[in-house]
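Listed after this line are the structures, all set down as structure tokens.
Next come two complexes built around chain A: one with chain B, the other with chain C.
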Partner chain A sequence: MMEMEEKIKQWCPAGGLRVEESGERVLVVMADDLENVCRRLHDDTEEPMDYLRDLVGVDNGPETGTLSVFYQLESARTGRRLMLRCDTRGRDAEGALLPTVSGIWHTAEIKEREAWDLLGIRFVGHPDMRRLYLRENWNGHPLRKDYDMNSNVLDLEAETNADVTEEFDLMADGTLRGHENVVFNPDDFVVNIGPQHPSTHGVLRMRTALDGEMVKKIDPVLGYIHRGIEKMNERLTYPQTLALTDRLDYLSAHQNRHALCMCIEQAAGIEVSRRVQFIRTIMDELQRIDSHLLFYSCLAMDMGALTPFFYGFREREMILDIFEETTGGRLIQNYNVIGGVQADIHPGFVSSVKKFITHLRGIIHEYHEIFTGNVIARTRLQGVGVLSREDAISLGATGGTGRASGWANDVRKHHPYALYGEVDFREIVYTEGDSFARYMVRMDEIMESCHIIEQLIDNIPEGEFRVKVRPVLKLPEGVYTASVEASRGEFGVFLVSRGDKVPYRLHYRSTGLPLVHAMDTVCRGGKIADLIAIGGTLDFVIPDIDR
Partner chain B sequence: MEMKHKLPGVKDMPAEEFGNNDYLLRMAEELNRDGAGIVLGTMDELINWGRSNSLWSLTFGTSCCAIEFMALGAARYDMARFGFEVTRNSPRQADMIMVLGTITWRMAPVLKRLYDQMAEPKYVIAVGGCTISGGPFRGSYHVVEGIDKIVPVDVYIPGCPPRPEAFFYGMMQLQRKIKMERFLGGRNRKEKESENAKSDGE
Partner chain C sequence: MNQAFLDYYSLEPLTGWIHRTLCGVMPEDWAVFLEGLVIGVVILLAYALLAVVLIYMERRVCGAFQCRIGPNRVGGRGGLLQVPADVLKILTKEIIRLKKSDHLLYELAPYLVILASVVSFSCLPWHKGAQVLDLEIGVFFVLAASSIGVLGILLAGWSSNSKYTLIGAVRSGAMIISYELSLGITVLTMVVLSGTMSISGIVESQAGGWNIFRGHIVAVVAFIIYLIAGNAEANRGPFDLAEAEQELTAGYHTEYSGMHFGFFYLAEYLNLFITAGIATTLFLGGWMPFHVAGLDGFNAVMDYIPGIVWFLGKTFFVVFLLMWIRWTFPRLRIDQVLTLEWKYLMPLSLLVMMVMTVFKVFGLVF
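And then the complex of A and B:
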């Protein structure tokens, strides 16, 4: 770590490097050095920081007059993580500026748009500074601390979307000049898909430019399920914030909540018992199987095969029964809590899980017989929608999607948490990067999850299922993060505490946002008919994207 | 000659097994007060029997509740037993709209538009806390706190998400409501319009 920081220091001629360490270690870079530092970190020969995990904006409050952006970096080669911070000069239109890094990491393109939309930070040189979640005529930026909650009214007029976007350039004399970039030309043939479309897995909207039946460009329009969770978090006490994580990506309910609990526990210095670690790991894996079964069902149904849908749901119901027995919920379980889990496992838990795993192992061949080997399925998936490894990393397309492109990115393997360091499992990696590989990764992961559960289920130790935690918790000041491998990629929690009983800022790394962003790269040049199948294999859940 | 309206049962479930009947009781009372001839009344019953047992829904799933709805379509809960299995993706072909999941401000105009595109007679079921009141997201800057602010709602199914059984209960309540309606003559239609105007005025 030290050599790395020494290196970065040399790349900062303008203002040097400051290290802050309350909670996580954060390297503070001056705005003038940011581009240089990022470029060099990305291009480093030994340890390239080629994966931008997340880009998070924070409002430091009107009294400080600045906004900050945190850059969470990771090296796909070594797995080393690093966090940079850069502050703006001011909060007004001239001051809230930072240089863009979208030319270095592709994923920054969409995340900087998010920061602009919610915090009003303009990125100089970014080709597309449109809002991401909110309507184009929205007033203000909701994550600003001084945002007036009454500054907008519900507008029932259908919205129109501009076909041009703005880019801002900083002139030599320090003034800002804007120019227009074209999203769609007037003679582009643009087809609107969504937001109410049965095969986009939720309320995704894509404006798709076509050339014949070839896809020329996809412009995702998000925000149709933007619930403003991150703003709500700032008013909720820590235990209350937990309730909303289940509703982000409801097929990763356990994992999402696991991440948030881990983050808060680590910040508060709470140690959970081994029993809890066992329960959490098993629940996470059950959830993964649940999600992958639903993936299988939906993918098949999107492609017009109805029987596999019934297969997938048949086994999925068994998992839901297991969940219900212990947690009381089928889909939304509200199970993990700070310091443990809500209730101890049901007396029948162990036997029903074992019964289920045996059943699944015995029946999974049916899935492959009816769909995997099917000639129509294969022709529609193989060689279609190829995502290269470089693109996957640059886009931050984690989870099964990245692993299908040969990027070994499993958080469970590379940054183990809970019991993943102790169990034996294979990280499923394919290299083809096509729809079929993405499909196979998930199917293989079902078996790996079974394998993990089998190692744990008989050895759940005795112990407390929950340590006593005060209902109103105050976390020490600082920046805290945690990440887990959710069902469809890396889910991250980013927490800034100012010592209050509510978080100052609580942000989630969406697993799906980079995947939707990847649609343009993956589908371009392909046929429109493949778009739905590609979307199905990328496997995103929209509420988690919009938050 | 006149006929007497009583509360209808659904699928071998007598009316007494349902709760929350005040609304329907009021409807029955009104119908009885206005009276209907045997011929028209019997025609109504026949039409409503058909309508209520082949409800085609426009699914409008935005989030978690929609996944539970998918479970209803699969073998275990099998909503085909009640005639709900045909879901449409075009508002022109649907009798009712099931709103499943949080409705945000950006989505609100879309929902309103889809509702307006549906042909009469049309019904709305609000599923889950989110559609009823904003649910867990009440107080957010971008969430509609109850879809009845945008479209008139016939049946509310509370829960977060509701259990599949609750879905059925709510959908069967809608069937019963339809069975009560006077299709020929359009008395209830008028009532709906005034409901509509009321919610528009809010």
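And then the complex of A and C:
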């Protein structure tokens, strides 16, 4: 780590490098050096930091007069993680500027739009500085600490999306000049796929330019169900924030909550019992099987095969019953809490899980017989929607999507948490990068998850299922992060504490946002029918994008 | 050949008697007009009734394939009143007029589709002596009449003034026009075997054995090609890309509501039935009973089953085959659909027709 920092220091001629270490270690870079540092980190020959895990904007408060952006980097080769911070000079239109990194990591294209939308940080040189979630005529930026909650009246007029976007360039004399970039030409045949569409898996809208049946360009329009969860978190005590994690990606409810609990426990120095670790790991894997079964169902239905849809739901029902037995919930379980889990496992839990795994192993061949082996399914998936490994990393397409492109990115394997360091499992990696590989990754992962659960289910140790934690928890000042492998990619928690009983900023790395962003790259040149099938194999869930 | 058995249930004496009686009390033109009216009403009733039966069958069959029960509440355990209830509901729904559509074409389209379907429906050989339209060029007429349907679909998609419907209509047009080729060629293959284009003639020619047995391997291949092409003609899965729910929400009929949508829906099911009915006529002997050469006792028993039972039985069997395919396969993509037709099915059907002609000329068929 030290030599890395030494190296970075040399790349910062303008302002040097400051290291802050409260919670996570953060390297503070000056805005003038940012582009150079990022470029060199990305192009490093030994340890290229080619994966931008997340880009988070934080308001440092009106009294400091600055805004910050945190860049969480990881090297796909070695798995080394690094966090950079860069502050703006001011908070007004001229001061809240940072150079864009969207030319270095493609995923920054959409994440910088998010930071602009919610915090009002303008990224100079970003080709598409439109708002991401809010209406184009929205006043102010909600995650600013001085944002007036009454500054926007409810607007029921239909919004017309502009076909052009703005890019800002910094002139030599320090002034900012904007020029327009075209999203869609007037003679493009643009079809709205969504927001109410059977196969966008939620309220997502993709403006799709077509040439006959061919997809020319996709522009995702997000925010239809944005609930401002990150804004709400700034008013909620730590135990209260947990309730909202299940409402992100509802098919990764356990894993999301696991990540937040881990982050808070680590910040507060709470040690959970081994029994809890077992329960959390088993629940995470059951949730993964649940999600992948739903993936199978929805993909089959997206491709017009309605019968396999019911196969997936038949087995998923059994998992939901198991969840219900122990947690009381089927979709939203509210199970993990800080210091443990809400309730001990049901007396019948072990036997019903074992029964389910035996059943699933016996019946999974039906899935392959009706769909995997089907000649139409194969021709529709094989060689379609190829995402290269470089693109997958650059776009931050984690989870099964990245692993289908040959990018070994399983957080469970590379940054083990809970019991994943102790169990034996295979990281499923395919190299083709097409829709079929994405499909097969998930199907194989179902079996791997069964394998993990089988190793744990008989050995759940006795112990406390929950340690006593004060209801009002104050975390020491600092920056804390945690990440887990959720059902469809890396789910991250980013927490800034100022020592209060509520988080100063609590941000979630959405697993779906990079996947929706990848749609344009993957679908170009494909047919409309491919677009739907690719959307199915990328497997995004909207509430997690519209946090 | 002894065809006496065919006359047990022949309706010709009955219809002839009715006609003569009517002519006795009124001029012949009037009699024909009156008969035509009655027959028209009967056809429309049969059409509606069969649609209800087919929709119910589809829901039960697909329920069985999908590990569920299907309709089972309305009207007792079998859910028999579910479909009539749905029909009543759709009849009472408002027909929405779109502001920016081409009103004339928009409202004409569903009628064209249903018209094509009813006219082809009238050509089916239900029973000996109970065929409504029996032209010398019957098969040709069916092909021509059913082609009007694609015009309705194209108009529906175009006049709705929506991008989804337009894409759906163009897909449907491209697909149906392509598949009409192999459909037509396989039908011609069977015409070669039977030596006539009249539908009743084709059925009569199979008294000694169904075409699928007489033409052996060649006929079986033709039958499979016919089923694939016919499935595509009926716009049903895996060829339902014209209305591909997951891509185009509902394709060409996205903007239709109430009974106008109902007409498209009805036509889809009846087209399925017509496809199966023509398959039965061409390959499975129409209303002809099943005979095994040499087993006279068995054959005599078969003869006692009325022709309409045979026809409906065979047709519903083919319908079941098509439903089985629909509920098992994912949907094809437009380029795959066209590749399948132009690169594989059409050349193959041409070959089949040539082989059949050669076989027929040299007497290699039974």
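Simple rule for what comes next: the second predicted complex is superposed on the first by the 547 of 547 C-alpha atoms of A that agree within 3 Å, B and C clash if a C-alpha of one lies under 4 Å from a C-alpha of the other, contacts with A are read in each partner's own complex, and residues count from 1 in each chain.
Definition applied: a residue touches a chain if its C-beta (ideal position, glycine included) is under 8 Å from a C-beta of that chain, and two chains touch if they have at least 3 such contacts.
Model, not experiment: these values are computed from the prediction.
K.L.:
When the two structures are superposed on chain A, do chain B and chain C clash or fit side by side?
P.N.:
Partners fit side by side after overlay.
K.L.:
Please indicate which partner A:Lys231 is in contact with in the superposed arrangement: first for chain B, second for chain C, both, or neither.
P.N.:
Once the two structures are laid over each other on A, A:Lys231 reaches chain B alone.
K.L.:
Of chain B and chain C, which one touches more of chain A's residues?
P.N.:
Ranking chain B and chain C by residues of chain A touched puts B first.
K.L.:
So in the superposed three-chain picture, is A:Phe310 touching just chain B, just chain C, both, or none of them (first/second/both/neither)?
P.N.:
It touches chain B and chain C both.
K.L.:
Touch check for A:Val203: first (chain B), second (chain C), both, or neither?
P.N.:
first
K.L.:
Of the two partner chains, chain B (first) and chain C (second), which one does A:Ala243 touch, if any: first, second, both, or neither?
P.N.:
A:Ala243 sits against chain B, while chain C stays out of touch.
K.L.:
One more residue to check, A:Met171. First (chain B), second (chain C), both or neither?
P.N.:
In the superposition, A:Met171 contacts neither chain B nor chain C.
K.L.:
Using the superposition on chain A described above, determine whether A:Ile532 touches chain B (first), chain C (second), both, or neither.
P.N.:
second
K.L.:
After superposition on the shared chain, which partner residues are touched by A:Ile542: those of chain B (first), chain C (second), both, or neither?
P.N.:
first
K.L.:
Mind working out whether A:Pro195 is in touch with chain B, chain C, both or neither, as first, second, both or neither?
P.N.:
Only chain B; A:Pro195 stays clear of chain C.
K.L.:
For the overlaid structures, how many degrees, to the nearest 10, lie between chain B and chain C at the C-alpha centre of chain A?
P.N.:
Result: 50 degrees at the vertex chain A.
K.L.:
Aligned on chain A, what is the least Cα gap between chain B and chain C? Give it in whole Å.
P.N.:
Minimum C-alpha separation, chain B to chain C, in the superposed model is 5 Å.
K.L.:
Is there a shared patch on chain A that both chain B and chain C touch, and which residues make it up?
P.N.:
The answer is residues 197-198, 309-310, 314 of chain A.
K.L.:
Any idea which chain A residues touch chain C in the complex?
P.N.:
So the residues of chain A in touch with chain C come to 189, 191, 197-199, 210, 213, 300-307, 309-311, 314, 370-371, 374, 376-377, 379-380, 527-532.
K.L.:
Which stretch or stretches of chain A touch chain B in the complex?
P.N.:
On the chain A side, the touching residues are 133-135, 142, 147, 149, 152, 154-159, 195-198, 202-203, 223-229, 231-232, 235, 243-244, 247, 250-251, 294, 297, 309-310, 313-314, 316-317, 320, 330-332, 542-543, 546.
K.L.:
In the complex of these two chains, what residues of chain B are touching chain A?
P.N.:
On the chain B side, the touching residues are 59-64, 66-68, 70-71, 74-76, 89, 101-102, 104-110, 112-114, 136-137, 139-144, 149-150, 160-161, 163.
K.L.:
Quick check: in the complex, which residue numbers of chain C touch chain A?
P.N.:
Those residues of chain C that touch chain A are 62, 65-68, 163-164, 167, 171, 237-238, 240-241, 244-249, 327-336.
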